[in-house]
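The letters A, B, C, D and E name the chains in turn, as written, and every chain counts its residues from 1.
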Amino acid sequence: MIVDKAGTPITATDNVQPDTRHGVILYVEDVSVSFDGFKALNDLNLYINDGELRCLIGANGAGKTTLMDVITGKIRPDTGKVNFGQQVDLLQLDESEIARVGIGRKFQKPTVFEALSVYKNIELSLAGDKGIWTSLFGKLTGEQRDRIDEILRTIGLTNEAFYMAERLSHGQKQWLEIGMLLAAEPRVLLVDEPVAGMTGQETERTAELLTSLAGEHSVVVVEHDMAFVRSIARTVTVLHQGSVLAEGSMSEVQSNPEVIKVYLGEDSGEDSGDDNSEGYPSESGEEYIEASSSKEG
Amino acid sequence: MIELAKVNQKYGGTQILWDLNLNVKKGSRTCIMGRNGVGKTTLLKVIMGILPIAEGTLTINGVDMVKKSVESRPDIGVGYVPQGRHIFGQLTVEENLKISLNCARQKSKLIPEHIYELFPVLKEMLQRRGGDLSGGQQQQLAIARALVLNPEILILDEPNEGIQPNIVQLIRDVLLKLNREQGITIVLVEQKLPFARAVGEEFVLMEKGHVMSSGLMADLNDDLVSQYLAV
Amino acid sequence: ADTIKVGVLHSLSGTMAISETTLKDTVLMMIEEQNKAGGLLGKKLEAVVVDPASNWPLFAEKTRELLAKEKVDVIFGCWTSVSRKSVLPVIEELNGLLFYPVQYEGEESSKNVFYTGAAPNQQAIPAVDYLMNDIGATRWVLAGTDYVYPRTTNKILEAYLKAKGVKDEDIMINYTPFGHSDWQGIVSDIKKFGSAGKKTAVVSTINGDANIPFYKELGNQGISAEDIPVVAFSVGEEELSGFDTKPLVGHLAAWNYFQSVESEENDEFIAAWKTFIGDEKRVTNDPMEATYIGFKMWAKAVEKVGTTDVDAVEQAMIGVAVPNLTGGVAVMNPNHHLSKPVLIGEIQEDGQFEVVWETPDTVIGDAWSDYLPSSMNLVSDWTAPIKCGNYDVKTAKCSGQNF
Amino acid sequence: MNMKTTHTFVEIIRKMSHLHIVVGTLFVATIYVSFCNLAFAESSFLHVSDYTVSLFGKYLCYALLALAVDLVWGYCGILSLGHGAFFGLGGYAMGMYLMRQIGDRGVYGNAELPDFMVFLNWTELPWYWAGSSSFLWMVLMVFVAPGILAFVFGMLAFRSRVSGVYLSIMTQAMTYALMLAFFRNEMGFGGNNGLTDFKEIAGFSLQDPHTKLGLFVVTAIALAIAYWVSNYIVKSKLGAIITATRDAESRVRFVGYKPEYYKVWIFVVSAMIAGVAGALYVPQVGIINPGEFSPLNSIEIVVWVAIGGRYTLYGAIIGAILVSYAKTRFTAIMPEAWLFALGGLFVLVTLLFPKGIAGALPGVARRFGLDANTNDNKTNKNNAQSEEQGTLKAPRAGGQ
Amino acid sequence: MRRFISVLFCCLVSWYAIADDDVNTKDSTAASSSIDSELIELVNQLPNTKLNKMQPLVENIAAIKSHKTREVLQILLAGDLYYLKSDKTLVNAQKQNDGNYQLTNILTDEALAPVKKRAIRKIRSNNRLRSAIRSFIAKIDLTDDDKSTRYGAVEQLLEKPSQETLDTMRSLLPLEKDADVANLMQTVLLIEQLKHGKIDEQLSAVAGLKSSLEPVVLNTLSALSEELSASEKTQEQEQLLTAMSKAIATIESKRSNYKFIENVFFGLSLGSVLLLAAIGLAITFGVMGVINMAHGEMIMLGAYTTYVVQLVFPNLIEYSLLIAVPAAFVVTGLVGILIERGVIRFLKGRPLETLLATFGISLILQQLVRTVFSPLNRQVQSPEWMTGSWQINPVFSLTFNRLYIILFAIMVFFTLLMILKKSSLGLHVRAVSQNREMAKALSIKSDWVDAITFGLGSGIAGIAGVVLSQLTNVGPNLGQAYIIDSFLVVVFGGVGNLWGTLVAAMSLGSINKFLEPITGSVLANIIVLVGLVLFIQKRPKGLFPQKGRAVD
């Protein structure tokens, strides 16, 4: 049985309501992780506020994915504290329990259940009781069906709903994984490079989606696509060699010489300018879905 | 250099490529673009021989490649950076790089130094397992690995996925440099327009397994973009 | 039917094929000879060969197939006890007739089975007597594979030895799994056990494939037959033919037949066998003789009653006598066991045995050992008035019969 | 049969799911066999002999066992090379009961103790034989004994995330250890000879052809029930979860499930089915001995499933019956060369039917216009396709 | 100067010895005619004597001092003493290649015409008689020139020396030049002294015997001390008793030390057999990922190759293994390549199906050897140098075959390690096994690599077969006996890690051998298996797991 700090058991059915009286939903304090002597995370401190959308950037190998691994229980840190709200110590829980208390994750490399249909993929991810007997005897309620249909529409895979997931292209898998994340209705979403392999248009849709989620959910996004980051970011945290290098608004970070040196590069300015003017002509979401659904026709 | 004519390709029952024609000129930089799932990766796999051609012809350097095996491609100078990196996770970075030294064109049995100049991070991590690298590091390794075999043609499938901006710039420069200085032909699949514009000289737009439009990058106008790339 | 069908139920594949294939060939040879001599009751004999593949439930299935589907008149078959146990209910249910040609642990008697191999009193006890009296052994290692035959035999022997005044500390019992191949430790223990200044002998009920590594290890650790002789009950000419016999020379085996025994019948048998099998180097062994005797007896009984009807043949079998291959006569006793001579042979360099001792007379096979408390009072007698396989002389009752 | 009836027949079959087909076939076969066995004289060519009845009874037990393996292997990706252990335990539970039913009809005439115990000078039943004379207790043990072993093994192995070949080889070690243990006389299960010489079951003589027929019918019913249950399981959400576990266990965790418990659960269910198979097997073949625990036997079960086609329930059944039948025939027709035939069969099926025989069936069915077009078929097709293609495939599970 | 003297002394001594010898021989030849008649008479009784009456007769024969005596005894011991059924002439019969027997009259040494087996009959002997004969011969051999013969003779007489032997030894001891022989004689005499001497003599005997590991010493000591402690004791006897118990304790502790070393050796030797059996699988299964159920049959083929080699070169038994190792490697390697090309390559990316196909192949191969070589075991001989043991002291010896096998296994292991680690083949195999398509796209001829690797793994299994042919039966089931152990070892060590295979094999071997004396071998096996199942919980990926985030 999963027990929170106060000793109250956490039931499988419900996401816990974390104690966010201080406005912070995720505490990462003094976390260090090392592999064979290599420090992937180095005394990292990070606080994610309830309902905020936080962008996490940093050079390749800075430790962003490792940080997500720590939060979701895939890696146990050598030292440090990770709390969900004030009372739930995530280090006491295993992966599935962490998922159940309300932390969802999209992986850097899209991972979906390849032998299951797109529909089943989402069905399995729905929030709710994850116990054996419920799974055995439970039936989908109408409400849940509607929810799945809605998600399928959002991610543009309605037509592919009964395809085996392994048939999807790379980008479609990315979307499916986002869909699975939506289905789980987590309090905190950890999204690792969501727009890799997406066209400019899709990137924009993703941006919209993530922005709309913020508020009710807390979202942490890792991305290297600066245009994308710029379009969604309120607060940006820059990681470098396992610790926080800079934190602030996008423009603050962007003008930080240190960040430019290790991450953005000299001509970052021009690039981004191009991006906005040419890359993302705005279109509405509905049309996207139509276009993508006609693909496999 | 690379010529495909009337190529049809299926996965089981579903046809992915339809009567596809493509002509890549020697020394050119061609950028293939299209929405998710239109068959870009499939096309590259066909060129690499990873998917045996069901119907149609393929020649590289004037040689018929339809019946040739995958492993014969590196020998005639085709380097490939696949989508999803495909690093050998249990091999060290060094071993990953060494593998392509096997190819017939390689006289030297040492990894060329300039690789490390391009991607200094790899030099630091030579003894680390490929699978342990971060996503971006793996991507760099994948490109480096293709460069080790000293290619004449470099085929890259979304090489920027997950790479930090300054390295994206680096890769852009490298590709341009390789093309200009060594005359390496570059075939690139790319979703991000700015990068495509910067690197590509010619573009190919795909939709549902057809080549819909192609030409010089300079001629890629907003109309085409919104028709085939936007949603 | 215009032929008489003979079922052959020996494993031709799997672990037991090594031993059993030879017996299949023996039966085929006997049938061929019988047919050459005009068949039986004016009909030809026809062999029905199946392969139960060393798989015990398959033995039962194949028996059923032979009896119910092929309708054979008699079955020659089985080697391991468990295969016999598996076949037994089927044979009894369908009232078939089985000839079982291998030495076994006894403690069984079925109306439908004739046991032509040795019972423990026809092999183990005489062998121990020999070691005790002629070799002067006073300290004993009972080494066996961990299954029923060795366990039973060793139980009988232990009781027997103790009755002869051997002390507990002078008996070492050791069991190993089937196919055991790493004997270093055990052989070294035996060596140690045997270096206590008393003449030590090993009684081996080690089964099948485990023997060769065992003897090799004995040889390599320098234990010669003169230091610590080993008498085996499962090592015969056939087993030795697959083995470099140098390290075994001088060790012993107890059987009711050896190829080297000189007799008219044996010479003929060996010659016939070599021609039949087309290999000059092939050897004969004890279970082959048992098959030979069983077959001859069955033929004689069938002739006698003029039918292959199982009940008639069963009754006619009792008392039938045919020459055995060692120059004597084998008689089928009322307990479905044979009278047999017991021979002790020493292994020679050429893989043959040289007889060093034999019982003056034939010994009657005893279905129920006199040395086990559970079966002390049991006798088997398939003639009237008892007509029962396990008759308790104390209570004058017969247990466990289905008929 | 005229065109029209053929057509409606095809229509009916098209509408049926494989569940209906399998259960229906079992039903028809059982009725047919029983009727022909009882109604026709032995000489009639319509007569189904007792031999055939008991033979097919045995095959159905194997089918049940194969079903159990398919459930864990085909659907959950647990390649168990030790299912013979559960089969054997079920068999021993039944064997103990049958042994006690002998009563004083044993060779030593001891009413309390089975023969082998009398012979070993045991004076009383060991504690674990307690209750073995009760039919209900036996039925309970048939489920409980394999269930407990599977539960303990599963808890140990799955919780510490032993998987893949490590798990397979450990299941093999488990059954191997059991085999060695049961070989020992001290274990109190009859050693190498096992339990045999049974007389009757629940008051019916085992030698009576009607009892045999009854056992056959019971086995068929058990198989039908097991099939229905398995089908229900794999079609449920739980089925989807175990399939997902098979392909991407760690991903399942991040969705919030505890795959280890799901695995334990399905493993236990499968073990119980195997136990039932063993229990039904023993009275029909008349013996249970440690040979059933031999690792080679367990591998053979896996081979049945693979031949028939894993990831389809009916495939497992087809495989078990087909291979067993081939073995029966081959060992009689060509006793000296049947291993060539059987070995060749294994190799050929692997090469020609990558998805097993069941995988090839939809193609055949389609040719005859019988494609039921169920979800299941689609699954097969797709799996087959993707494996035929030389796609670049990274290891599936996990992720960054 | 000193040197000169010592040489001179040596010469003198040896001259004396030769002279002495001369005298002896002269002695016997001179008497030969008269004694021979007695010998002839006794020898001629042999055909008519029952086996149980033989011992006194042979004793009488041995008592006759004649050069013939030893010869006759030797022939009898070798089992070559026959007599002609026709006239009971005693002959030394040797079987010829054509099956007839070549005869020599043992008394006159004249050669007789060869005869059939039927014409002659053997003079039977049995183990008891033979060991008696051996001690008679040993008595004669005490004065042999060769020191190892002398040593053997003393060893033979160690157990129950007669008074006469003791006297001989007493007189021989001062003349004995070889230290080992002298020591052993000393031991014999000390034992005698211990048994029958006065109390102070006994005490000094105990002191002298304290360091001897001969079993007879321990036996005598314990028997005596038991006897002594049972009866009333004087002060001195008490003293003797403590001295004896101390000596016993010393000897026992030495023995148990050796026992421990011996166990280690047994463990390593079992381990190296496991290693050899498993290491081929570590490649085909561990590196390539083929669940190779036919691995055991590859071992079997290797063993049969040894058999064939010995069949083809019957005169080269001593070198047969040296020929068989490469031959088996090539043969099974080729079979492996054939299997790979014929079946396994069609199963790329479907590792589980390889289980099914290779299982089929294993059945076929088994039946194939059954058909070709018969289901019986085949006879493979051991060369001289593989038999016997290296006797380090009376309680501790190492068998040569095991010793060589350990060395050989280690050698094979390191060669393989080098191939996989240092050559490009190793790199390519690992690359192909991790991502075939990508490896191909980087110009690796994966088909070739697969074939070669499978061939290598199979070839090494074949080599293991050569080794096993020296330890166990060569029959169709040979492979099945090792397949399960092989998989266990590979998996326990950690799939894909050769070091793991080594450590796993050695530790399983040792654990087994240390358990065996305590629990018996059946239980030891069970405990090891259960232990493995439990251990794997701690290390779910074996002893040396593959690490990193790419795993799982």
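Just so we're on the same page, a residue touches a chain if its C-beta (ideal position, glycine included) is under 8 Å from a C-beta of that chain, and two chains touch if they have at least 3 such contacts.
From a predicted model like this one, the values you see are computed outputs, not experimental measurements.
J.: With a step meaning a move to a chain it touches, how many steps does the shortest path from subunit A to subunit C take?
T.: 2
J.: By the touch criterion stated at the start, how many steps lie between subunit C and subunit E on the shortest route?
T.: 1
J.: If you average the CA coordinates per chain, which chain's centre is most distant from that of subunit E?
T.: Using the mean of the C-alpha atoms as each chain's centre, the farthest one from subunit E is A.
J.: Taking each chain's centre as the mean of its C-alpha atoms, which one ends up farthest from the centre of subunit D?
T.: B
J.: So which chain ends up in the middle if you average the CA atoms?
T.: D
J.: For subunit A versus subunit B, what separation do you get between their C-alpha means, in angstrom?
T.: Result: the chain centres lie 29 Å from each other.
J.: Counting only Cα atoms for the centres, state how far subunit B is from subunit D in Å.
T.: Here the centre of subunit D sits 50 Å away from the centre of subunit B.
J.: Rounded to the nearest whole Å, what is the centre-to-centre distance of subunit A and subunit E, using the mean of the C-alpha atoms as each centre?
T.: Subunit A and subunit E have C-alpha centres separated by 67 Å.
J.: Indicate the whole-number Å distance between the mean C-alpha point of subunit D and the mean C-alpha point of subunit E.
T.: Their C-alpha centroids are separated by 47 Å.
J.: Show the residues in subunit A shared as contacts by 2 or more other chains, in ascending order.
T.: 65, 108-109, 167
J.: If a residue has to touch 2 or more other chains to count, which residues of subunit B qualify?
T.: 11, 50, 82, 84, 86, 89, 132, 134-135 - these are the residues of subunit B that touch more than one other chain.
J.: Spell out, as numbers or ranges, the residues of subunit D touching 2 or more other chains.
T.: In subunit D, the residues touching two or more other chains are 180, 183-184, 250, 336, 339, 382, 386, 390-392, 394-395, 397-398, 400.
J.: Once bound in the complex, which stretches of subunit C touch subunit E?
T.: Going by the criterion above, the answer is residues 12-15, 17-18, 21-22, 134-136, 146, 174-177, 179-182, 184-186, 188-189, 192, 195-197, 209, 212-213, 216-217, 219-222, 225-227, 229, 238-239, 241-244, 246-247, 250, 252, 262, 346, 348, 350, 354, 356-357.
J.: Okay, in this complex, where on subunit B does subunit E touch?
T.: The contact residues of subunit B facing subunit E are 48, 50, 69-71, 73-75, 80, 82, 86-91, 95, 98-100, 102-104, 129-132, 145, 149.
J.: Under the definition above, what is the set of subunit A residues touching subunit D in their complex?
T.: Counting only subunit A, the residues touching subunit D are 65, 69, 72, 74, 94-96, 99-100, 104-105, 107-116, 120, 123-125, 130, 132, 135-138, 162, 164, 166-167, 180, 184, 192.
J.: Which of the residues in subunit B end up touching subunit A in this complex?
T.: Spelled out, the residues of subunit B in touch with subunit A are 11, 14, 35-38, 41, 83-84, 121, 128, 132-137, 139-140, 158, 161-170, 191-194, 197, 208, 222, 225-226, 229-231.
J.: Within the complex, which stretch of subunit E touches subunit C?
T.: The touching residues are 51-52, 79, 95, 118, 122, 124, 126-128, 130-131, 134, 159, 215-216, 219-220, 223, 262-263, 266, 269-270, 273, 366-367, 370, 374-382, 387-389, 391, 395, 397, 399-402, 470-477, 480-481, 512-513, 516-517, 520-522, 525.
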